[in-house]
Amino acid sequence: MKNNLQLTEDGRLKHLLSLDGLPARILTQILDTAASFVAVGEREVKSVPLLRGKAVFNIFFENSTRTRTTFEIAAKRLSADVVNLNINASSQSKGETLLDTVANLSAMHADMFVVRHAAAGAAHLIARHVAPHISVVNAGDGRCAHPTQGLLDMFTIRHFKGGFHNLRVAIVGDVLHSRVARSQIHGLTTLGCPEVRVIAPKTLLPRDVGNLGVHVYHNMEQGLKDVDVVMMLRLQNERMQGARLPSAGEFYKHWGLTTEKLRYAKPDAIVMHPGPMNRGVEIDSEVADGPQAVILAQVTFGIAVRMAVMSILAGN
Amino acid sequence: MKNNLQLTEDGRLKHLLSLDGLPARILTQILDTAASFVAVGEREVKSVPLLRGKAVFNIFFENSTRTRTTFEIAAKRLSADVVNLNINASSQSKGETLLDTVANLSAMHADMFVVRHAAAGAAHLIARHVAPHISVVNAGDGRCAHPTQGLLDMFTIRHFKGGFHNLRVAIVGDVLHSRVARSQIHGLTTLGCPEVRVIAPKTLLPRDVGNLGVHVYHNMEQGLKDVDVVMMLRLQNERMQGARLPSAGEFYKHWGLTTEKLRYAKPDAIVMHPGPMNRGVEIDSEVADGPQAVILAQVTFGIAVRMAVMSILAGN
Amino acid sequence: MKNNLQLTEDGRLKHLLSLDGLPARILTQILDTAASFVAVGEREVKSVPLLRGKAVFNIFFENSTRTRTTFEIAAKRLSADVVNLNINASSQSKGETLLDTVANLSAMHADMFVVRHAAAGAAHLIARHVAPHISVVNAGDGRCAHPTQGLLDMFTIRHFKGGFHNLRVAIVGDVLHSRVARSQIHGLTTLGCPEVRVIAPKTLLPRDVGNLGVHVYHNMEQGLKDVDVVMMLRLQNERMQGARLPSAGEFYKHWGLTTEKLRYAKPDAIVMHPGPMNRGVEIDSEVADGPQAVILAQVTFGIAVRMAVMSILAGN
């Protein structure tokens, strides 16, 4: 069902809602297309006309300047017309339903919706109800999925490590409240990574972690041992109401990535973080700014990956 | 005077402030031009260069994501540079007067102002004071006028009914607080509609309703009988402070458009609504999503109508 | 040091942070380039392709619709892709540092940052940390500097008075809290204006006013005597916490520019104001709207000056 929603009958990408259910073939197509756009970012004139005359609506039911900006830049690089909508106080407060809002925006000649919503499944709901010519990109829904973040993580790993087939990857921190951890795990598994580890205290793991096909560690020394990639997660303070959590200082002591702990990993391991970072909580500044960090490369690659997704959805 | 303000000395459109005072010739010019843009919305590449190099300022003193978006899309389709300004907390809070704000924006090479303001007459006031090369479009001022909504309603009726000369049209609901009802009545009357009806409780009718040239009904069965077009109005909850109004449930029982009540109208009658809808208050979902509803077509036509207005004002 | 930060090793403009430290050669280059863009604003098609494919980020940590709009218009006239970011509640509230925010935005293929921040020195701090290919324009930081305002003032004086070498210029009002007065004084002094006066009550002068190379007056009659240019300052109510200030009425009586007081100046003196004006506080409406006022010309020239700065920074 999810599969059908994201793919056309002949197997092309129709919506990007979740990495879950996407075959390796599609993921690889996106990464390959993104690689061609990385060059665009370095050229003197950065625009390409692939979405000329198309209208991309950034529909943000939840504020996220950073994510909105990356999609806006990506769409403008493709020469699309971009309309930003922050829908909190406006139509929604006038009592209109989510689906009426979407139906109205669909009727405004939109070609693509980039949707951010606090509720899990919102992007799927919208994709099921938009006009047939419109594609939906999930820019984060609740704790559920944030597929372009997952894709840019895959792109970054492939860029620095050449592929996935011999890698040991550790995902560290607040898996429970993270909307990127699931995307990362699905992406890595699908692309052939043989060993995905999760390192976290028990209180920050989802109950179904056993079903995700990962190795679980509750200890940084054991979990980081000989890994090629360390993917740190942001400690989602604002989502953690009621969870039993140690203080930020306690968290840092046990789970914060320091130069010392990073030595357990392979010497050429790369360190990733989806941002924004809590320096001194989940990551030490020495690591964040150190030679193994590829955190800003992730941001740059994120533009290319979003350009690739939009370009593929638009049929190029 | 109003007439003079909207038209140049040789009778061309200079500002669009209100349908009141515009001759049938101008209304028809706008509808005909819009018809040519409906095709643009369906083309692969949707932009036309008619406003290339022109600067359109969307000046919203009152928040309205939906209306702002339709103007933004329309201007971008015409290749204009679009600047969005939400003026609540900024210059106004610094004590600057409305006219100083407008004089400043005029001095920034603007070509067109799209103005939304809570105060009736604000767009007229601005039009009287802008530099001679600038055109003003009223995007809603107080209860007074919302002319592009009225025009898109006229376009929709003409599209589905072929013209106005044999039509019976009913406008239903909160006429008192509606900024579109007056635009609709003026438009219909000017374009030759022989019978315009208003159906509403007495408490939701303006005192001067007798001067508007409409037939007043206080009963859905009689009012809807044999009409060709049903134009529902939104129940403006937020504007209704102090008015004697029944509960939403009572309102729905008497004035809400249900499949049963719609049977009083002609079998091929169309149902319109300016949005956003209060489902279960002024309109039942079965009607809103039913085969006679043309509510989303109104939204689509709204882009073409706004493109037409801007294009004509820019001298194309 | 400041000097180095703004200029490349071979003496070209790299960032625009403050007029302080910029040689007359650079100021004149900006004014000459702006003069060529004034014509662009009067052409039928107003865009030039000098920044085609470049991404300009308007990063506003402090709200200012007016200033943001002038930069947005200027960048769009140059065909840049413009991204507006209001950073209050978003990344900053998630605990990210200013420099992490900037590093992230830098990684998004930005070419230019236009920065507004409440803290003095913020633009300098950012300029010291951006990637080498990015230029920073200070759009106002604390009380410190607002160099494009200073430049448009210089442009306006040169336009109406032909040059600076024979001029007597008076700056009037709240020098202490003004972020433009310092830019004005530096600009005038560098461009060869022989006599710059400051007219203000003692409580609204900075302690170091003696070091600025200006003549200080505490009396409008003496201060305005025979000046060619009167530059009024906005009374920054919102910044004046705790300062000993007379009431607005008292201030107007002594320091407000009226037609009577303006007669002390030369008959062809021009009157300037950075806006937004407090009519009846620092300036009388008769003067603001009178024949000697060039206040709206300042706004128009401001677009051309910002186009010039961006164009020069982009290497054109």
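Chains: A, B and C, in written order; residue numbering restarts at 1 for each.
Note that in this section a residue touches a chain if its C-beta (ideal position, glycine included) is under 8 Å from a C-beta of that chain, and two chains touch if they have at least 3 such contacts.
Remember, it's a predicted structure, so these values are computed and weren't measured experimentally.
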Query raised in the report: Same or different: at the chain B/chain C interface, is the fraction of residue numbers used by both copies above or below half?
Result: different
Query raised in the report: So what angle, to the nearest 5 degrees, turns chain A so that its CA atoms land on those of chain B?
Result: 120
Query raised in the report: Just curious, how far off is chain C from chain B if you go by their C-alpha centres, in Å?
Result: 41
Report summary line: Residues of chain B that touch two or more other chains sit at none
Query raised in the report: In the complex of these two chains, what residues of chain A are touching chain C?
Result: 41, 43-47, 63-66, 69-70, 72-73, 76-77, 237-238, 275-279, 296-297, 299-300, 302-303
Query raised in the report: What does chain B use to touch chain C in their complex?
Result: 52-55, 57, 81, 83, 85-87, 89-91, 94-97, 100-101, 103-109
